[in-house]
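Input: structures, listed below.
Look for chain A in each of the two complexes below; its partner is chain B in the first and chain C in the second.
Coming up: the complex of A and B.
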């Protein structure tokens, strides 16, 4: 893993990718800082921090778009796959390299509150909490981007897809308030998921009888749940969507509260996408 | 040593490698020969652990590639058809990265890189970006990459493709030199290349090995017997009577020679019999001197075309 990490980190600074990411991030963050703190003579840094999430959405795709797409395009993935590095090592090496560049950039922005602290009182608990939250949130965003760069065929499509996915995770709380809450909608939601699951199963198993039997059993299960425990289906869509809401868990960090459940959520979310990335590479080897 | 047993690879419904088995002994230089799309690269990718086989097994020095891929990969240096180069690096940086990937220890790393660069002739371009190097130099950097870590086995997929004749000779000499200390498996669709450097040739077509032998024996084993061609200063009847006295001849054909009063005779003799002396003596005793004698060997081109054509006809 160390070898891939080192190589990837080096590549960020041998290609424009790392500089563009840091430049864009620091430029926009600097603009916010200048406008909201320096020009208005305010020491309220929290408003600047709130705006930084928006910058993440824009710049994280720059950081992750080339991770795997470029390897596939240049056919250098063969070098990695034929070297004695495990697939998990490859994925983690690339992920941590991206996280390191992100972390370096984040540390540079800490100069802003440091400058302000000479001229006023700062709420350091809130600032530290927000930065820790940023780190975990950014890592989760990078994990999504890493997965998409493995799926996508080109850097451009990887960047667009990552941006769309991050945007979706950002507005997911807004969408939540519009989804139906009734038990029936919950049951229909489960059915749709089941159909998708069975379609995937059918692709692997290639035996429609097993798929049909599994479908019937699961359908009966859903009907029983709907008939016997309707209340458990209430607001199911909304609850399911909230699992993907990365930003809602960030709010507590920005209040200066360090919660273990949020940290565990971000780490498991990142681990899940990194696992998916590794599985996809493994699948490609077998297909 | 490489042992492959009943290896099969399917891409969806396409059968890329069809139940092939072979063994490559330590120190051998083997050539995979086959038309484009025959399955050569697929076999190489399986041996190097880049892709997995659908069925069958491959062992390198007794270790199954699926059981301990990391140990197997340490024993192999692989140059794929397109050298896997990080073009934003210089050859020196790139080879250092490959050292990291292959887990080469830090002691003497610099010296080893220098030695390999010298061997493949890229020392003078080692500070230029790979992006700015010519195809020939890129290929050499790729070869240097395969040599990093001093692996027992080198697998080279079309190592001379796209090079100019001078570069081809350079790479061939290098491979021949490497073959003294390593087991080398190379693939090519250029027959002369395989003939020049390989001790054994495996002809692959449509995912199957259709022939495997030393280049010089392929013709004899595949088409049977010793074949000889002579031109003698004799009339047809004289030649007929001389040839009929010879033993160990399976069949022969006599035709008029290009010069006046000469005949050309084609012999097909028993496999284990050298008939050259007998033929010479017989024609000398008959007072019809030989003007020319040469063994008929099918060129690798002819063998290859013949074999792959018969596959097509099948």
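Coming up: the complex of A and C.
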């Protein structure tokens, strides 16, 4: 893992990618900081970090788009897969290299509150808390980008897909208030998820009879749940969005609350996407 | 029987492993949620219950249910954080209610939130505290300190959810209220004239009125007696009744205004409590304490807070009271040892007390008494051995009419907050839950335009462009290799 990590980190600083990410991130962060703090005379830096989530949508694709697509383009992925490094080692090495670049950028932004501290009283504990949340949120976004870079065929498509995925994760919080609440909509929501799962299964299994049989069993299960425990399906979409939402958990950090469950959630979210990335590479290796 | 193909087996295994990983992660998350380990990093512990609330929750015996009106997944995180902490107490049960699905429940409590035509709807985001037959609605807007500017836009400057929720829980669980008798018969104001009634009732104060001429003594259930701007003096027998009330541990809030005739009996009552009423008007000269809205008039000013618990919340929230034509108070010549005199609101050293009220000059004259002058003082009985305040208390304010609503401006929020705090102090800790609202106010930066521009140049131009330039150099050099 260490060798992949070192090589990947080196690549970031020997190619324009790492510098473009850092430059773009710091430019937009600097603009937000200037407008919200310097020119408004406000000492509330945590809310600036909160607004910076928007930057992720734009810059994370720059950071992650080439992680695996570049290997595929140069055909070095075959070399990498035949090397003595484990697949999880490759995925983690690449992921941690991207996270390191992100962390360095974040450390540079710490200059901002330091500048403010010369001119007003800062809530340091709250700022640290927000930074911790910001780091974990960024890492989760990078994990999504890592996975997409494995799925996508080219850097451009990886960038566009990552941007779309992050945009969706950001927008979903806003549409939460408008989603239907009825138990029927909850049941339909479960069905859609199951159909998506079955489609993935069918793609691998290539046996529509087993897929259909599994579908029928799951459909009966959903009907039973709907008939027997209808009340538990009420507001399911909204509750699921709220529980899975990356950005709503970050709100607590920017409010100044450091919660273990939020940290665990971000780590497990990242772990799940890295697991998906690894298992996809594994499949590719054997196919 | 047909054999299951390798692909199906592989797909099933792959799906099973993915589900197992997902379930494992969900379990880890649920366990982490169960641990409920969190740190409130805010400077003012915005989301942590105070010791007063914790103690109150530990003492209540009857179960209290808090209904939080919010659609699933659309809860307010800030309020939710605090409600969760209440729910961790053994005597509080939290239930989230979707307002659209439970109109019956809401209608039941809507009836108790007002009477007749005053009946109000309960907005989403509100909390209903219920215990036995008692209930109280805490509207969403009562969870925050808000003020309205001249354009009507709302400015949220404080978070008072704990204040409102704890008062509601204490009331529904114990039924305990602080009984306030407002004296009538001398053309006094009441809190109703100030528009304070509803808010005071939500803070567990039960307001009653009393005409002193019709009773032989202050009723037994009285905790606090309030006198607001009498137009003439109280008789000696009336002040005797008040002194007897204070002797048995009651508390007195007295708000005065300048009137033509002197008020020797009330003055004597105050003197008995170490307070001397100085007949004169406080005139402020410090530009920082004068108000442009009142044309910079020296008789209208924002007093300084003397650092008592009564004004702690006002200081924290950076709220300025406004006093107009206030009388002054000083220490009585003879000070009783068992009574502690406490300055609460004062004017600055640049102010003075205008004794000769026939003088029209807006500058200081010979007969004026130099500042600072007390505009509000408290006097509390104390245990001489321990030094702690025990028993009766008196609080005197040099202007009562400043608390009346101003035309076009309404009641001043800071003046109202002061009154609630003052009444809470008079009632004592065992009778009220005295939780201060948490300020959301942040001191603005003291930064010059030049500095701001230098920093802006650094963070917007120098650093990002510098990094991109380094990247460009690295890229060009590598290309040449």
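Keep this in mind: the second predicted complex is superposed on the first by the 264 of 287 C-alpha atoms of A that agree within 3 Å, B and C clash if a C-alpha of one lies under 4 Å from a C-alpha of the other, contacts with A are read in each partner's own complex, and residues count from 1 in each chain.
The working rule: a residue touches a chain if its C-beta (ideal position, glycine included) is under 8 Å from a C-beta of that chain, and two chains touch if they have at least 3 such contacts.
What you see is a predicted model; the values in this text were computed from it and never measured.
By the touch criterion stated above, A:14 is placed in contact with chain B and with chain C alike. Looking at the shared chain after the overlay, A:78 reaches chain B, while chain C stays out of its contact range.
In the superposition on chain A, contact is made by A:22 with chain C only, not with chain B. Once the two complexes are overlaid on the shared chain, A:232 sits clear of chain B and of chain C alike.
By the document's definition of touching, of the two partners only chain C reaches A:201; chain B does not. In the overlay built on the shared chain, the residue A:47 is in contact with neither chain B nor chain C. Common to the chain B and chain C interfaces on chain A are residues 14-15.
Here chain B touches chain A in the complex through residues 11-12, 45, 48-52, 69-71, 73-74, 76, 78, 80, 82, 84-89, 93, 97-98, 100-103, 145, going by the rule given at the top. Listing the residues of chain C that touch chain A in their complex gives 4-5, 7-8, 10-12, 14-15, 17-18, 21-22, 25, 28-29, 32-33, 35-43, 46-47, 71-75, 77-78, 81, 98, 100-101, 442-447, 451-452, 455-456, 458-460, 463-465, 467-468, 470-472, 474-475, 478. In the complex of the two chains, the chain A residues touching chain C come out as 13-16, 18-20, 22-24, 26-27, 29-31, 33-34, 37-39, 41-44, 108, 111-112, 115-116, 119-121, 123, 125-126, 128-129, 176-177, 181, 197, 200-201, 204-207, 210, 234-235, 237-242, 248, 251-252, 255-261, 263-265, 268, 271-272, 275-276, 279, 283. Residues 2-4, 6-7, 10-11, 14-15, 74-86, 285-287 of chain A are the ones that touch chain B when the two sit in their complex.
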